[in-house]
Amino acid sequence: MPGSPIVFFILAIVAIGTALGMLISRNAVYSALLLALNFAAVAMLYLTLGAPFIALSQVTVYAGSIMVLFLFVIMLLGAERLQPAEVLRWQPYVAIPLVVILAADFAYNLFRENTEMLKVAVPSADYGTPAAIGNMLFTRFMLPFEVTAVILLVAVVGAVVLAKPDRPARPRSMERSDNPTPSKPVS
Amino acid sequence: MNPLILTTFFPLVGFVVIAFLGAQQKALIRWVALATSLVTFLLSLWMLAQFQVGPAGFQMNTGKLVWAIAGNAEISAAMGIDGLGLLMVLLTTLLTPIAILSTWESVRERVKGFMLFFLLLETGMIGVFAALDLVLFFLFWEFTLVPMYFLIGMWGGERRVYAAIKFFLYTMAGSVFMLLAIIYMGVQSGTFYLPDLIANRAQFAGVQLWLFLGFAIAFAVKVPMWPLHTWLPDAHVEAPTAGSVILAGVLLKMGTYGFLRFNLPLFPQASVQLAPWIAGLAVIGILYGAIVSYAQHDMKRLVAYSSVSHLGFVMLGIFALNLQGISGAILQMVNHGLSTGALFLIVGMLYERKHTREMEAYGGIWKVVPWMGALMLIVTLSSLGLPGLNGFVGEFTILLGAFGSQAIGSQVLVGVATLGVIFAAVYLLFLFERVFLGGMRHAENANLLDLNWREVAMLLPLLILIFWIGIYPKPFFDLIAPTAQNLVTLVQSAPYSALLGH
Amino acid sequence: MLFQGIGAAGGSFSLVPWVVFLPVLGLLLNLLIGKRLGERGVGWIASLAVGAAFAVSALLAFSLMQHPEAVRVPLFDWITVGDFSASWAFRVDTLSVTMMLVVSGVGTLIHIYAAGYMHHDVRHNGEPARYTRFFVYMNLFIAAMMILVSADNYLMLFVGWEGVGLCSYLLIGFWFEKGAGEIANAKAAKKAFIANRIGDFGLLIALFLIFWNFHSLQFDEVFRQAAGAQPWVIRAITLFMLLGVAGKSAQIPLYVWLPDAMAGTTPVSALIHAATMVTAGVYLVTRTHVLYSLDATSQSTVAWVGAATALFAATIAVGQYDIKKVLAYSTISQLGFMVAAVGMGAYVGGMFHLITHAFFKALLFLAAGSVILGMESGQEVAYGHGGHGSSAAHEEFDPQDMRNMGGLRGRMPFTFWVYTIGSLALAGIAPLSGFFSKDEIMVAASQMNPAIFVILLLAVFLTAFYSWRQVSLVFFGSSRTRAAGAASENAPIITVPLIILAVLAVLGGLINFPGVNTLSGWLEHTLGALPEAAFNPLIAGVSLIVALAGIAAAWLSYGRQTATRPNRLDPIENNAAPLFNALAHRWWVDEMYQAVFIRPYQAIANFLAQVVDQGLIDGIVNGAGVVSRAAAQGVRQIQTGFVRSYALMVLLGVVAILTYLIVWRVP
Amino acid sequence: MMQNDILTILPALIVAAWGIVLLVVDLWIPRDRKGITALLAVVGLLVALGVSAVLFPLHTLGFSNMTVLDGFAIYADMIILVSGLLAIGLSYDFIRRIGIDRSEYYVLLLICSSGMILMAHAFDLIVVFLALELLSIPLYVLSGFARPQPASEEASLKYFVLGAFSSAFFLYGVALVYGGTGSTNFAQIIHALTANTLVNPSLFLIGAALLLIGLGFKVSAVPFHMWTPDVYQGAPSSVTAFMSVSVKVAGFAALLRVFVQVFPSLASELTPILWALAALTMIVGNLVALVQTNLKRLLAYSSIAHVGYLLMAFVAYGNAKVVGNATASILFYLVAYGLTSFAAWGVVVAAEQLEGRGLELTDYAGLGRKYPLLGLAMMVAMFSFAGIPPTLGFWGKFYVFQATLQAGSVWLAVIGVVTSIFSAYYYLRVLVVMYMQPGDPTAHPAPWLNLVTGASAAAVVLLAFVPAAVFNLAQQALMWFGV
Amino acid sequence: MVPASYYLALSAALFVIGILGVLLRRNALVMFMSLELMFNAGNLAFVTFARMFGQLEGQIFVFFVMTVAAAEVAIGLALMVEIFRSKHSINMDEINTLKG
């Protein structure tokens, strides 16, 4: 596998550290920032894996725009901190053991026979380049690409529907429907 | 046109006609319903005329009209009838117009719905007795729950909802296991057509105990066998008179019919193996039903428990697995329909007059309603098995068969069952005494009206049959004989009939 | 088919179904047009129907004299299932015709009597419209009884057997709204039916045993194979049949219904509960003598049951005040004699006593009825008209209580004479009929079993004692009430049958007069050669002396009884109160049955209905519902509404599935 | 781009394109005549339905084997399209009545349908994943369409968070399958499996399990069902009706495609899991429904229970002799379930008042008498759900039980029938309230709603007399399915 | 050289941390961020596998995932803004009116 172990371990430690930091930080803003850092670290790892285009997208789309959006909403709502009222007290005591078991499952599955994992194909010269990716995107993966376009469109429409404040809060037909005499069916 | 199919589906004609009538045309709806059921009865008589007495096997058989294919198995719309089925169909078509007539005064609300459900119910019941394909049978079987559920739930007494749901769930709880058994057999043998299945019964001989139980649970609930009977008193008490008549007269017979039609021929070994156990339960039912009847205060409840006792006799006869037992059981199915149907009718008439079924509210009324008293007495005597009336012929034949049954194998058990005739006298005479004899305990009862012509017309056919079967049951036994003989042969010709021998 | 069968039998034998059809015809006529006919017409039709049946019976008897072998007259198939077959078939032989003659003969007389008696009775009870109904029931009874005695197989016999039980029920409960608490009559009727049903249960079992061992219920067929059967089978059959006999013929332990059956009107008591129905058990044993003869144990059981009943009931009769109750216990006792006789193989003796008893007991009952009518009319005279109108006096006054009588000899001389004849016949005083028939039984007992002989002798003494006690209390002394003082003799329609019966009671002994033995010869054709019951002067003398002693004792105790203390007039009561108390309370048998059988049955019924059925069985059913709902509520708690716990549940599923795969399934 | 490529996704393409066009056209439709939008949406769905019917006999792959056209997919398409049509019929008056009649409603519904259709046609995990998102995102929005009603918002948020959570598992599963097989394309995976050239079988297995979980969430199998009652209750009833049918159809289409057609070799490993899922789903769904008092919630649990029955037949998939029949029975059951659901939900929609009122069971007292048609429809629906003949629901149960018994899972079948007794109790309770208790409810039957409800109920009954017609169609649909 | 399994282990670790975040954080936004972390972990696995096989499909997949994630973020954030408007809170534990 490419990349030196030192680089990997540093990045891995950063990634896990920031992820844990996000998890335990009391302040949502810190969480968002730490997550951005995490994304950046992962982007670095992508580079070591021969995926420069993806790495770049990761930085711009994820660490950049998405996390900015998050921060923006946090600031907008002023929701960085919550009252420390814990309703589900037993949740951690169940969740953490379960997650540990899950992690153990994954780990066992990965390291039980890692001979396969060590096999590395020799990548072609243009492996992971934007050109190669673009080429594939617009040929073999044209359909998924178009579908993502529709998904984004739907997301836009949906976001508008959900957040557009222009509708009257009360349904307009309320008075008529609450009338005790049954209203003539509207057709 | 096959008279069987006509008979089965003719009530639907009335259903459609009534569906198009306005809900306010109550009288017209009643007459249409009555006319429909009467025509159905005539059609069934025509069927009887067409029926050849003697040969075993199914007549007016539509054959295997393949209707659907489920995996590897064909579902066919096969219908046909033998003596057993014919008697049951006749019982149904006879009781239905009577039951409809009984609603003339008592059902005033939602007449349209009532009659719609009633006609649906009739088709469902006839279908049960006519179906030769297991899936078709099951369809009709389950379907009968629906109209009955509404008849109890919408036109019933105070606790009608409880009773209706209990009836539905209890019966359904039993029948789902039958569904599994049916499907399993279809899967194994590739057909649901009863004659084919009987021919291939060796295929599932290995698991027939389980299959037997699957069917038996469904039927035992319906019969109802002790201790699965507790839905019955509730259903009977809450149901309107017409519902009780049909419930006791026909629906319960579907259970015993099922045992005869399916359990015995399909699972002979299991039948033989379990016969002593089922007979034991039947005997418990006979005694238990009779004893518990005695402790009731509500007339309908009393009659309901008496059904447990009577159907215990039928079950005992069936699992005698000999000619007498089975023939007697089949005849007793008819008898019980007539006697208990008539009992419920009379109780219903009293209820119409006084709006209570508590025996305490009556007493000594024979003085004011002599005809009703006399008819009630005859029906009571028929129910307690007085020789010369129908009940005796059935009970005697059953007990005789059971007494000599090798399958049951215990004369002591049957002797204990015979005690039932004593207990029957105890509770039935108790009923008659509490209601009709003694002094007038309540002055207002002096104004009770005796039977009117409509009520006489309802009871008369039943009484004629009560006497007819009691004195000259031969035509009935002639109808029954081929079926019974066939069943006995089927049970005993099983490769494992060695079990039967001594 | 119907007439074809009749024709096949040939001769007048083919008329035998008419012994059933005629009463049925009578009842149908009365049922349909009785209202239009009026009382007189109804009575005529009913009596004629029975009389015609008697004529047919007589015709059959004459034919039988020429041709004494049994003839079977099949009518049509009844129940035929597989190898089981029972048809409506009549049997004409000397035994059945004897019974037919008794039934229809006594029946006719009683019908005539009843036509007069009921005229008063329905008015006394305030329900004149019920007159017709009475005769419908009566004819029905005759029909059922005829079926019983003329049946050619056990099943048809059983029809009659239960049919007479039904009529008994109907007639005991005829005044169903009367009696103590306005329900006692209805309850008495029910008691009779149920006690009979217990017996019928035994008979049914016997029938099953017979069929499964002999594959037939037809008499000849059964008897033909009887010798080849296993001993235990015969014993079981005969003992179960004995239960039936005990029910129908009111033997220990099932006799308790008969005293209560006196709630029925007097003609009913005479016809059903004295002369005919209750003797069906004796007839059954006689009819089945082939089987009984094969098993000594059951024979002696029968004999012992009969003897014990004879003595036991006689003791109770001594302590009764009700005129009909005395006769009822007397009937039980006499039935005990008959059963003992047939148990000892003295079938002719049993039948003989059956016949004579039919005469004198019917006479006694009818005469008692005459007394009661006289008392009632006296009561009306004494307390003003419309007995039921002055209800207070009516309710307190019991026209059947012998303490209210006394001195009726003068008021009702005719009744007194026939009553005395009947009582003497009952007591077994020579040369009245009862003497001869009873003597035959005593002879048989002395030959078979000395212990039984002694018991029966005691019973004879008591019989004579209570008979004369009754005569003394009713007819001698002075009137103890105003009603008794005002009582009057009855009309000829009442008294003519009494005369005929009195003649029969006197001359009945001729039927099987010692040395002539007409009845023995007659019945031999059916019963086969039987040991000759020779007349034994010693035995006859002893029993006659014992009977006379009984009469003397009664005369000494009651004859000069002039006491006007109606409440405490019995010398036994005065001198041996506990004993009399026991007798008056019928040895508390009813109370014991109440405590041992009826109350526990009710308690069990209530327990099963409330606790087991509603509580346990239905409780499990409803409990299943409750448990399901509780479980549902429990599971529902998981659905907290918190997204995080939902996610936790998802994770739980994920971990469970993955762990399962990792641990057990990963390749 | 080849003609085949287009053909393979033609129904989805039509619906999606129609939706986008509608979005634009809507701008020119005057405010008070938005009914035209609904009508146009119906036309679009009808066109797609017609096209689907024509495509039914064809079989081809397209887009570099990423999509597939076969009878199975078309069968699913048709259910989804009909479901969309019926949903529009239910929605038309309803959304006007409760004041949420924005034309985006129909657009989202169309695009959501196209996502579902795409799911049925997907032959590559990438497409499956994208289709999953394409159908989910509009549903998140539709669930919250009645904002600012708190229940609707809550439903939307819960659905969204948990949906994304399960998507993450699904995604991770795709990654592991990719790692295990070296491809996400079904054709290549099938090839690898048959040639036994898996890169890493254990990764593949875990990945497949995660796929199962992700799809199990969509069809709401226990224990991944927790969102269902809340979302079904909170979402506008018309939306609930749509998603209770369509999502399950799409989910099962994907499940069948992935597991039956592509991963049959995993049967021995997965069958016990499916067994447990089916049993749990039947038990929990039916049990908790017993104590529900809100009709929407009750129907939600009932829908969970029905998933249990579907999964029960799915358990049979490892048995090569049975799998064809089992799959056909699932397809049949989906039709029965779908039609029945619309009959039931139609009544709920008619009875729902503003602000989510009128949904408690007690609010239905007397409904059967006052509105006979609605009552009748509900009666038919309840009996069909309970599996009482003569309804399609009975045949659905019949076929799935048959498949289960054929596969030898007797105990599972026993659990199935026992739980169906429980189900009968709560279905009957609905009828009790409607017919046997007095009350004066207000419902709003409207022409389109009546048509949809009545037609669904009529179909449930009438098709029950010709079950073979539907079942044969299901079997034909599987002609190219390789079972 | 770093074995592929290390990358996968890292991916798994991030995935479970993401799960923990969803399970333990009440703040809807942080919960949402944790979801993004889970997606991210999946992406890492994809890229690793792609590198392992020397294919590009894995990377393409990641591209699509990112797009979808972006779409989800749009919807999710809009939803949270709307909810905050009506409830003035984005505490997930306060959103539990629907239950049972």
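By written order: A, B, C, D and E. Residues from 1 in each chain.
Rule of thumb we're sticking to: a contact is a pair of C-beta atoms (placed from the backbone, for glycine too) under 8 Å apart; a residue touches a chain by one contact, two chains touch by 3 or more.
No experiment lies behind these values; they were computed from the predicted model shown.
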item: Any chain that touches subunit D and subunit C; value: A, B, E
item: Graph separation of subunit B and subunit D (steps between touching chains); value: 1
item: Chain whose Cα centroid lies at the greatest distance from that of subunit A; value: C
item: Nearest-to-centre chain - CA centroid comparison; value: B
item: Centroid-based (C-alpha) most distant chain relative to subunit D; value: C
item: Comparison of D-E and B-C by number of C-beta pairs in contact, larger one; value: B-C
item: Separation of mean Cα positions, subunit D and subunit A [Å, integer]; value: 27
item: Whole-Å separation of chain centres (CA-atom averages), subunit A against subunit C; value: 99
item: Where subunit C and subunit E are represented by their mean Cα positions, the distance between them in whole Å; value: 96
item: Approximate Å spacing (C-alpha centroids) for the pair subunit A, subunit B; value: 67
item: Where subunit A touches two or more other chains, by residue; value: 87-88, 91, 95, 99, 102, 105-106, 109, 112, 117, 141, 144, 148, 151, 154-155, 158, 160, 162
item: Where subunit D touches two or more other chains, by residue; value: 126, 130, 133, 137, 140-141, 144, 147-148, 156-158, 161, 165, 199, 202, 206, 229-230, 425
item: For subunit E, residues that touch 2 or more chains besides their own; value: 8, 15, 18-19, 22-24, 26, 31-32, 48, 52-53, 57, 60, 64, 68, 71-72, 75, 79-80, 82, 85, 92-93, 95-100
item: Pairs of chains in contact (touch as defined earlier), listed by label; value: A-C, A-D, A-E, B-C, B-D, C-D, C-E, D-E
item: Subunit C to subunit D touching residues, read off their complex; value: 625, 628-629, 631-633, 635-636, 638-639, 641, 643, 645-647, 649-650, 652-654, 657-658, 660-662, 665-667
item: Touching residues (chain side subunit C, partner subunit E) in the complex; value: 636, 639-644, 647-648, 651
item: Residue ranges of subunit D touching subunit C (in the complex, touch as defined); value: 157-158, 161-162, 165-166, 169, 201-202, 205-206, 209-210, 212-213, 216-217, 223-224, 226-227, 229-230, 269, 272-273, 284, 287-291, 422, 425
item: List of subunit E residues in touch with subunit D within their complex; value: 8, 11, 15, 18, 22, 28, 31-32, 35, 38-39, 41-42, 45-46, 48-49, 52-53, 55, 57-58, 60-61, 64-65, 68, 71-72, 75-76, 79-80, 82-83, 85-87, 92, 95-100
item: Subunit B residues within the subunit D interface of the complex; value: 67-73, 110, 135, 138-140, 142-143, 145-146, 149-150, 153-154, 160-161, 164-165, 168-169, 172-173, 176-177, 179-180, 183-184, 186-187
